[in-house]
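Since the structure comes first, as structure tokens, the remarks are kept for the end.
By letter and in written order, the chains are A, B, C, D, E, F, G and H; residue numbering begins at 1 in each of them.
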């Protein structure tokens, strides 16, 4: 097995181990634990009173905007990494390229801040 | 206190000062006006509390009044002035058969909960109250606990342990005005 | 690594995506199906890249660009869905009568 | 390499299963989570094809970010908990299946006939090289990407924002 | 799955589990009246019931092991107390702290107070006092731990509690 | 160019087109009755949209025990012990106005020493109450440690109270006409111990010094913290006008800039003998409310120290009849409690117990401003504001 | 620039305080506030109201305590007995004998009224607190148990003048 | 294959011990800071309390409320746990004692760590509980907001080290003679630690759990073993992020002046010490700070940390190219 696969097989084993740990814990617990459900026990917890309304209704659009910002900058990070390890080779040219790239995205961030999408009280 | 009392006395002739508490008795129709006047002219902006008293000769628990009274609800508010030490109580009586009075919420916002409490405890209804609901007791609770005719069940069902008398007490220790101390 | 099964799977993903777009009524689900299609394209690109052992790595670079653009597309797409939802109180595309809107 | 092939087939099989779940499940969140698995398996497939950087990018961008965005979107558009009968367009089902099926057969036919062969992976592809190519030969698309992202950001914000932002945009 | 209910566990193993349960008591943060302040004092540096393994973390009944009914249970609160108790996972325990929750205490004749929490939920240990001193509560906890260590898992598990009292 | 952010324009626009911000089916969030930050069992029904609070409706009564009714069936000494439990973090100060009222009706002059002891213990109760507030408030804004420091120092104060009265925070120490420590101790002697235990002065001095140090530590640990300042400054601003109309009193009122303190304004205890300051806030925000209480702790400690130094000697009890009957009359006595103005309106009919006892508690009025303060706040603010009002459910519901 | 003191950010001071406190807790030279309860016990104030002890001999079943108790939690029964004269030739004395003296600690509010009103010094406070029970019924202490508590009643302490 | 198994076994031990050690450190440390002894009676002066906890949680009933979305609810803890465990794979304890020294080590770590967000979000959503939902959303919003500074702070290190392999990064630091935190990445380190604290959802960034606001946040409905999984993952996450931070910025398994030949022996100890020190600092912060408000938190991330880390990248790049 070439070392490339060796590494990832190990990683796979580690992931498998994580899953195994979860399954093991769940398995042992399912054998040991008592299981006595009844209607009141299974009721949604709401500080001790009857749940009012539906729990999963509307949320803030704001979170969506955070998500959007995150996606955009995450993509940016994807491009930064290959650049970062090649910086020596790319030299000033690479530097300027990345400057432009980051600058353009910073405009986006500044736009977002200016538009007050990060502010909560409106 | 004295100066203030004299001031009050000029506008409300029936004001009395007993035990360091000034009390004005007003007619229930004058209820709102009195408060507005007190708030605006005498600067009594601090709304301390509002409550009621159930005057009745028939009581189911506790002691009955020593002298017979005319059954009625007495409504009392207490106003004061934060900066000075002036304090005044205003009282009015309302009929028991139809306990209703105008709400003070328009004058003092703070009266809201106090009136709800009085509504719940005595059954007095306040006209123009924004939200006259029960305050304390669970939904479906019947009765107005603060009425003198309201019974405390536990006291009825549990025998008073002090009732059993050990025959032939050695001394009569409950002898009047013995001084302690 | 055998080439054909991978390509067939990519084709299958593509058609599943098409199926989803046609059948699903919820706008978000339609977007999810689009992701499936893009994913099948990615698989094809990478497969060919590896197969041809391209020195310029064009397949990989294209895939990265596709992923990037897909992210942007999802951002905009969901924003549109949100806007429609805001006006129509539903994410159901049958009810988006765009001409009237 | 025997084991290698078995693994590959296994991954492909799972890939199809999860993808089918994405388009058939009647619960939006389940669909999104199935998509997570589809993508994860795709990423495994990429790893098997030695393109590790792309595989990780897929995890980072897709699973880490895009799916989260999807989940937000789903929650904002009030996905009901549990099954949702309204999700599918029943009258389109047959048509859709027919179209999708024919596309599938057409594509598979072309692809299977067109390409054949076996690839042997000897080493992972170099990320360093990838970066170098990306930033030298593909500089122009690279910069273009930043503009597209910026556009997406501004567009997304404008669309998802409430109206003051909209008018603001109109009048500036 | 009900394995333990049917077969039980050999003594040495089950005593290990009993030990674990007795020293990892997550206390359901749930205060009612004055006694709750004493519970706070017990969690304070001087008495520190974390020494005994009581961890005052969960604010949700789902993670709690035992509940200290600390204070007056009013009629309005009673359904909530019952519900919160129901929502705790088995095995669960209850300490009734103070006269109020034991039997109404100073408000025994009030029109709005429940006379004793044991009318609602099963109580394991009663702690007297009004309020009980912090040490008294600690004694209650130690008694509870003793009780847990003496428990038989099979019995405890099969105590059917589909409809508690 | 039209100003786009002009509310008028926005309104026009939203009328013109269908689009408004996503129609929010507000989420009704129940906070309480069991919730770690409601100081017991207050229940708030909050309408929230995401994180923003639109409307709050407090639901009371989970701790309603019917004090006013119970007082009608109990005698005066029995009521004294009952009222301890109204504001349970400062049990001692609940007794003072009630006893003072009964004494006023009976026209009894209390000996000086008894007054001083009352005063010392009231201030100690105030300190212990503020300790609880400090710790709990820090807990509510997320700092987990200060409550333990508060508890440690509070124990010291409680020890002192206990060594005098016999109870940790339900002392039942006041008698009409004076004070009377718990009887007990030693089958060999006549049991009525009537004075402070030996070493009390010394221990008090040490403890008060510690209180001052603790207040300093709080100022550093919590007050100086940037995050805490961010969380509390300009949050939940209460103006004096609203406060007065709602009958808000005590530290909350003082934090809004009103210098109102019944200790100086009335004479239920000899506060005029001592020098102390009344801390007053400026903005009436959460930070000021916190700050005022911490400073008040220090002032209380100073009062206690002064009182210890100038303690008169003499009897602890005035002469009173053995069977206490209060003459007919009515009076209202109020006192400055840690939470604000607490008063009892006693209507006596000459019997063993009052005909009607109205209990005016501070927290009841204080939390009635909650809906006003919370409009448009964020959910974490809700917790911060609620905590800064420092209410005790027994004091609210009675 | 004479008294230039750099302003330390508040959160660093906070961290310093907790670490200093931790060192104090760990250091053997500092007094610790902790009491390791079942192994060591705090010395309580002699006045502490822990439990009520009954001196059976002194009680004359006069019922005062039961009547004054706000919680009605003292139950007394007794009867009268004739006692032989204490010194020969003296008058025969009647004496009340306690049949039952129960205090229900599940109900008691520890107010001390009973102790205070007892005219014969039969009730005492004792700073004991260890009587938690598994059963509600055991919270009712009968006269023997109450008498046992008498051993724990502390001697009176000194007073401040 | 055996090698793989041995490594995974070792890693399993490391992961669990790390998590348990950090639990002990957190609880005991907190107790001491609060002038208390902490768990004491359970045995060994209380230091084995995590054992009791785990054994206890294993016997607890696992309640699955009626309203929840069962499959999602049941498996949400697994995502969190798996994403934590996978992170352990790339941290080198010494040049040879590393489970998988990937060429893309850092990148892998960052990619995997973003998986947890999905677990948290689905946990909150599927619980059908308002507190859970809000907690889940807050958690997701926070995790994504601080994921970015975390990623960008690492870029500085990558620029300096010119590699993404963690072993490579440490070797570079050995070559330089000083850890990167001294060699120009102090800003990066601070940003990384702040972001890491937020990723762990610890005070002052603990709104998602925000006990006094949302009872238990997204974990509100979880009981028994599933709660334990969340709980352990929290500490695992803390351990692993501290380990990664010490590897990236503090020189990993090496300290200056110690001979490099012996690195295989003292490496693990050095790394664990550094991790423990970082962990202790986090504990001290946790128990002394109040928590931020949701909007303040987002502002900190978007307005301060992200621009700062971008600037940090540019400055580092200029230094690299220019000198």
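Throughout what follows, contacts are C-beta pairs under 8 Å (C-beta built on N, C-alpha and C of every residue); 3 or more make two chains touch, one makes a residue touch a chain.
Keep in mind that what you see is a predicted model, and the values were worked out from it rather than measured.
Asks: D-H versus C-D: which interface comes out with more C-beta contact pairs?
Replies: Pair with the higher count of C-beta contacts: C-D.
Asks: Using C-alpha centroids, which chain lies at the maximum separation from subunit E?
Replies: Measuring from the centre of subunit E, the most distant chain centre belongs to C.
Asks: Taking each chain's centre as the mean of its CA atoms, how far is subunit A from subunit C in angstrom?
Replies: Result: the chain centres lie 20 Å from each other.
Asks: Starting from the mean Cα coordinates of subunit F and subunit G, work out the distance between those two points in Å.
Replies: One centre to the other, that is 27 Å.
Asks: For subunit C and subunit F, what's the span in angstrom between their mean Cα positions?
Replies: Their C-alpha centroids are separated by 62 Å.
Asks: Which whole number of Å gives the spacing of the CA centres of subunit B and subunit G?
Replies: Using C-alpha averages as centres, the distance is 38 Å.
Asks: What parts of subunit D, by residue number, touch at least two of the other chains?
Replies: In subunit D, residues 4, 50, 52-53, 57, 60-61, 64-66, 68-69, 72-73, 75-76, 78-79, 81, 121, 124, 127, 130, 134, 145, 149, 152-153, 156-157, 160, 162, 168 touch at least two other chains, as defined above.
Asks: What positions in subunit G touch 2 or more of the other chains?
Replies: 11, 14, 17-18, 21, 33-34, 36, 44, 48, 70, 72, 109-111
Asks: Two or more other chains in contact with one residue: find those residues in subunit A.
Replies: 8, 30, 32-36, 41, 43, 45-49, 51, 55-61, 63-64, 67-72, 74-75, 77-79, 81, 85, 94, 112, 120-121
Asks: For subunit F, which residues are in contact with subunit G within the complex?
Replies: 74-75, 77-78, 81-82, 143, 145, 149, 152, 155, 159, 162-167, 170, 172, 180-201, 217, 220-229, 313
Asks: Which of the residues in subunit D come into contact with subunit C in the complex?
Replies: Residues 4-5, 8-9, 12, 15-16, 19-20, 22-23, 28, 31-32, 35, 38-39, 42, 45-46, 48-51, 53-54, 57-58, 61-62, 65-66, 69-70, 72-74, 76-79, 84, 86-89, 92-93, 95-97, 99-101, 103-104, 107-108, 111-112, 115-121, 125, 129-130, 133-134, 137-138, 141, 145, 148-149, 151-153, 155-157, 159-160 of subunit D touch subunit C in their complex.
Asks: Taking the complex as given, what residues does subunit E use to touch subunit B?
Replies: For subunit E paired with subunit B, touching residues are 75-76, 104, 108-112, 115.
Asks: How about subunit D: which of its residues touch subunit A in the complex?
Replies: Subunit D residues touching subunit A: 4, 47, 50, 52-53, 57, 60-61, 64-66, 68-69, 72-73, 75-76, 78-81, 121-124, 127-128, 130-132, 134-136, 139, 142-143, 145-147, 149-150, 152-154, 156-157, 160-162, 165, 168.
Asks: Under the touch definition given earlier, write down the residues of subunit F that touch subunit E in their complex.
Replies: So the residues of subunit F in touch with subunit E come to 33-36, 40-41, 61-66, 69-70, 73, 81-82, 85, 88-89, 91, 132, 147-149, 151-152, 154-155, 158, 168-170, 393-394.
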